[in-house]
Amino acid sequence: MYKYLSNIFEAISTLFTGMGVTWGHMMKIRKENVTLQYPEERWPRPERDIGFNMENYNVIRSRLHVDIDDCIGCLKCERVCPVQCIKINTVKVETKGEDLTDISHTGITSNGTKKALIVSRFDIDMTECCYCNLCVYPCPEECIYMTGGPNSHKQPIDYEFSQYDRNDLIYKFAKDVEDEKMSKYLPQQKQVDE
Amino acid sequence: MGIVHGDLMTLNIGPQHPSTHGVLRLKVKTDGEIISEVEPYIGYLHRCFEKHCENVTYDQVIPYTDRCDYIASMNNNFGYAVAVEELMKIKVPERVEYIRVIVAELNRIASHLLALGTFGLDVGAFTPFLYMFRDRERILDIFEVLCGARLLYNYIWVGGVSHDFPKEFVKIVYSFLDYFEPKIKEYNEILTYNKIFIERTADVGVMPPEVAISYGVSGPNLRGSGVQWDIRKNETYSIYEKFDFDIPVGSGIMGTVGDCWDRYYVRMQEMPQSAKIIRQALKAIPEGNVHQALPKKIRPPKGFIYKRTESPRGDLAYYIVSDGSPIPFRLKMRSPAFTALSVLGEISQGWMMSDVIAILGSLDIVLGEIDR
Amino acid sequence: MTVDNLINWFPFGAEWPVITFVSAVLICAIPVFLFIAVYALVAIYGELKISSFMQDKVGPMGQGVGLHAGKWGLLQPVADALKLILKEDIIPESADKKLFILAPFVVFVGAFITFAALPFSQEIIVADMNIGVFYILAVSSLGVIGIILAGWSSNNKWSLYGAMRSAAQIVSYEIPAGLSIITIVMLTGTLSMQGIIISQQGIIWGFLPNWIIFNNPFSFIAFFIFFISGVAECNRTPFDIPEAESELVAGAYTEYSGMRYAFFFLSEYANMFVVSGVAVAAFLGGWNSPIPGFMDSPPWGLFWFIGKSMSLIFLMIWFRWTFPRLRVDQLMSVCWKVFLPVSFVNIFGVGIWNLLVG
Amino acid sequence: MSEDQDKYIAEVVEKALRGDMDAINNIEDRVTRSKAKAALIKAKRLSKTAAAEAAPAEETAQTDTTPTEKSLNQKVAESLEKKFSGSIDSEDVNEHIQLNGKNWFEIAQYLKDNPDLLFDSLQCITGFDFGEGEALEVRYNLHSMTHYHAIEIRIKTDRNDPKVPSVEQVWRIGDWFERETYDMYGIVFEGHHNMTRILCPEDWEGWPLRKDYETQETYHGIIVPKVKEGWE
């Protein structure tokens, strides 16, 4: 009998303790809510300081971006990608380090390296990207990076990079050049000449 | 009174079901509400992680390990990195070891929070689940500051880590710990000592230690059965021997040793222990270059290694065979959740429908790791 | 606004008795239906918001651009209702179609006809029957037939589980609920709802309102037994084992969608109001003001009744978002091993109390 | 300067050949580093056969540093030899014990029950394929929860008719681990009560982790993709 009653008493008291916890939370909702009203508010929350500044981040893994003018076509990122979502085609150029205005090719990167290759294709399939950030490290020119965070000054973060078509998520970073102009530099053309 | 025996009804729990923690199918034979047989069917998430690993280089394996136990990616990275480093005989800098311990323990807290929250959800308590998720979010925020990712980190590399701490990171972790430690009292009030919760979990799904060991159950599930076995202490790796922490084991306060409540409570007690380790590590962390020991090309010598580490779910082991090339010849992951799920059929016999869900929840499985 | 009054008031009552009766019933039923619909929207909104607040969220909010749910998400329940109405109505191929279609209406009718005996205020009651309490106890368990129909006709194992659990649960909890109502009948000596409320006017113990809950310690316990049994009859957490979304997916309602599911939803909320309404009428003074004599006129009666009911509904919501769920056998043992004996003790105690004090 | 550099490179290459790649990787100057690497490759090419022989020697050297494990392995091997003579295949028991699988079930029971050994926990079963046309192997990692020691046991089996006695009755976890190994390598564990695939679908063709595995073209009419379209 004692056990029976104490059991009931224990049940009631613990249940009331639990209800007290939820009541406390309900009363403090104005201060303690954690909701982010997404389209209006974005991370990090503007009005609340929880210790994170954009400068504080090491990196934000959002979306890959390539500064194609700096790319020297070394294929390091393509090789290191675990899911093969980067595809690069390059064309050798005779005039190393010179601007080719007709295909808007810059000869010298912002780091001062002379480019020996034209990057004719630089596709990143973001549907396959696993956001491992591995391609960012080996890049000698630091031209492939994740947008946002410490890179916001170069490329702001793209919160909703959603598309209606799957193919639109294949990002083509290479300069959009007509085939005619490009064909001048293609190796096959040269072989024919010889 | 005699027992009425009717025909058994076969019931498929899953693959789409709210409480199977992923895509798991349980083929259950029931006699009314009483379960007479449970047979888990797995493999719905199978993507042959091990075959993938035989086709990518050692550093490219790390993103794949992330995706095995996606709740505790840091620990997966950690285990893999430790195994490959031992194979290559790399000595990593002191600072790297401290950073690894800190992030691994943070991730252990995050993983346990998710385990406890979803366990609460399985027995019908929704609010504690969200409280725990709220606190887990803060850990994920910390990881986002650290390496840019919230779930799949690829942070711990062979020979080092990908980034050093950002400035003020130590302060952020301290502020999180100060925030987090009092919250455990709240969890206890709302869930642990709730009478309904105790009724639902105590004495339910008792896993005796012999059964647990025979089934290879490890981690908090094994400790819930009262076996003091923690690889961080018993077979110490990295720098865990430097820290002072306890290994909580189940003692059957509310029922029998090895019941669901014990497994739950072991996890609950492990979180403050992890916080304790983090505090010690933050205090003692030395300066240094985290990229110092990163090998340019990971090419382990011929040989094999079987290396166990303690993930939040138990003994996470990698069996790596190297043939001297930059690609692993064979990589086997011994996942703790795999063994934990295999015991379900044994310990849930004779319980009721609702108990099977509770037992499954208390085992804390992650299907990504079971199916690999 | 009783049906009897209406029938008497109709001038042609004697000539066409059937038409008179039907129109009188309809005149009462339509406002009640509208009331249930509006109340359900309010209650759903309340549930959304209260649960969110308890969980450190803000719930539905509609700030800014686009099709948001109004200020503070006020339009969220309307949007939910619209969505449910507009959704495709799916009937599983292997379901028993007639029963499947019938089930939600049976459940709703079970909840709906109970409103006939709820005293909203001094005048507003559909039918002030002299057996009001008995009527409510009788018809409120009608809903369980609908749930069994739903569970059986869905031809789904989860649904069947849910239905069987629900049947066992509701039938069991009828008993402690009925027994605790008996204590009221013993104290007031009437079965009429209005009669019970009228007997609760005035002051007791010098300062408390003369509500039955304050009448004696036994009735105080009886209130809790009745209320918790009521929560169980509504299939609300911690007694929501027929739905038990983590075990039975959605229990008896697994195969339902769209409009039919909305009806189950509506009847759940209607049931909550019924349970709260009966608890208020029987234990908390019904439409009487908490401070006797203050704001005690008939229009205020409606306010007090709905206000008190809503606070009990808030309590139910509070329960739901705090507690885990009981297991089916524990549910039964709570009913048969705790509530039932305590109810009997209560009846006995009230009898003694009446003899000695009253 | 160049002489110094050459000397330095030679030094570093020597180090690298001994396995210390860091020496090269830590060179600050890019040019020097690349030169060192080129030299290393050259050196390696010259002594390819020599290096291959050096590797196993290194492994044995590693195990020598852990004398406790060695003694355990030898102890286990000795007691097995005494009890089940002729069951051990290889003399070399430094790292693992190679059994021939004849009476593996009895040996397993002995390993579990012997009070000195008490391997009550089967940590892992790893299937292993040596390469096309060669044998398959099953590797068992055992651990004792009482004595806190561990051994590795290997059993080789024929590629065309792979059969190993099942130990699921000894260690219950063997059930699933053996099914997994069967699923991946097609190794049949004799005596297992339910030798079916566990991770792959029941009707999957081939044994995925064998080195000569080829993906099936279609599965139930679904084309199993190999190459992404338009991605070369």
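Going by the order they are written in, the chains are A, B, C and D; count residues from 1 in each one.
The rule we apply is simple: a residue touches a chain if its C-beta (ideal position, glycine included) is under 8 Å from a C-beta of that chain, and two chains touch if they have at least 3 such contacts.
Computed from a predicted model, the values in this text were never measured in an experiment.
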Partner chains shared by subunit B and subunit C (touch criterion as defined above): A
Of A-B and A-C, pair with higher C-beta contact tally: A-B
Central chain (by mean CA position): B
CA centroid of subunit C to CA centroid of subunit D, Å: 66
Whole-Å gap separating subunit A and subunit C, where each centre is the average of the chain's CA atoms: 53
Where subunit A and subunit B are represented by their mean Cα positions, the distance between them in whole Å: 28
Cα-centroid distance, subunit B relative to subunit D, in whole angstrom: 25
Per-residue overlap in subunit A, given as positions that touch at least 2 other chains: 15, 18, 21-22, 25, 34
Contacts with 2+ other chains: residues of subunit B: 127, 131, 134, 190-191, 194, 196
Parts of subunit A lying in touch with subunit B, wherever the complex brings them together: 10-11, 14-15, 17-18, 20-22, 25, 34, 50-52, 56-62, 80-82, 130-134, 137, 146, 149
Footprint of subunit C on subunit B - complex, ascending: 9, 11, 17-19, 33, 120-127, 130-131, 134, 190-191, 194, 196-197, 199-200, 352-355, 357
Residues of subunit D touching subunit B in the complex: 19, 21-22, 24-26, 55-56, 58-59, 62, 95, 120-124, 126-129, 139, 141, 145, 148, 152, 171-173, 175-177, 180, 184, 197-201, 208-209, 213
Residues of subunit A that touch subunit C when the two form their complex: 8, 15, 18-19, 21-23, 25-26, 29, 32-35, 37, 39-40
Touching residues on subunit C, where the partner in the complex is subunit A: 50, 52-58, 61, 63-66, 318-319, 321-323, 338
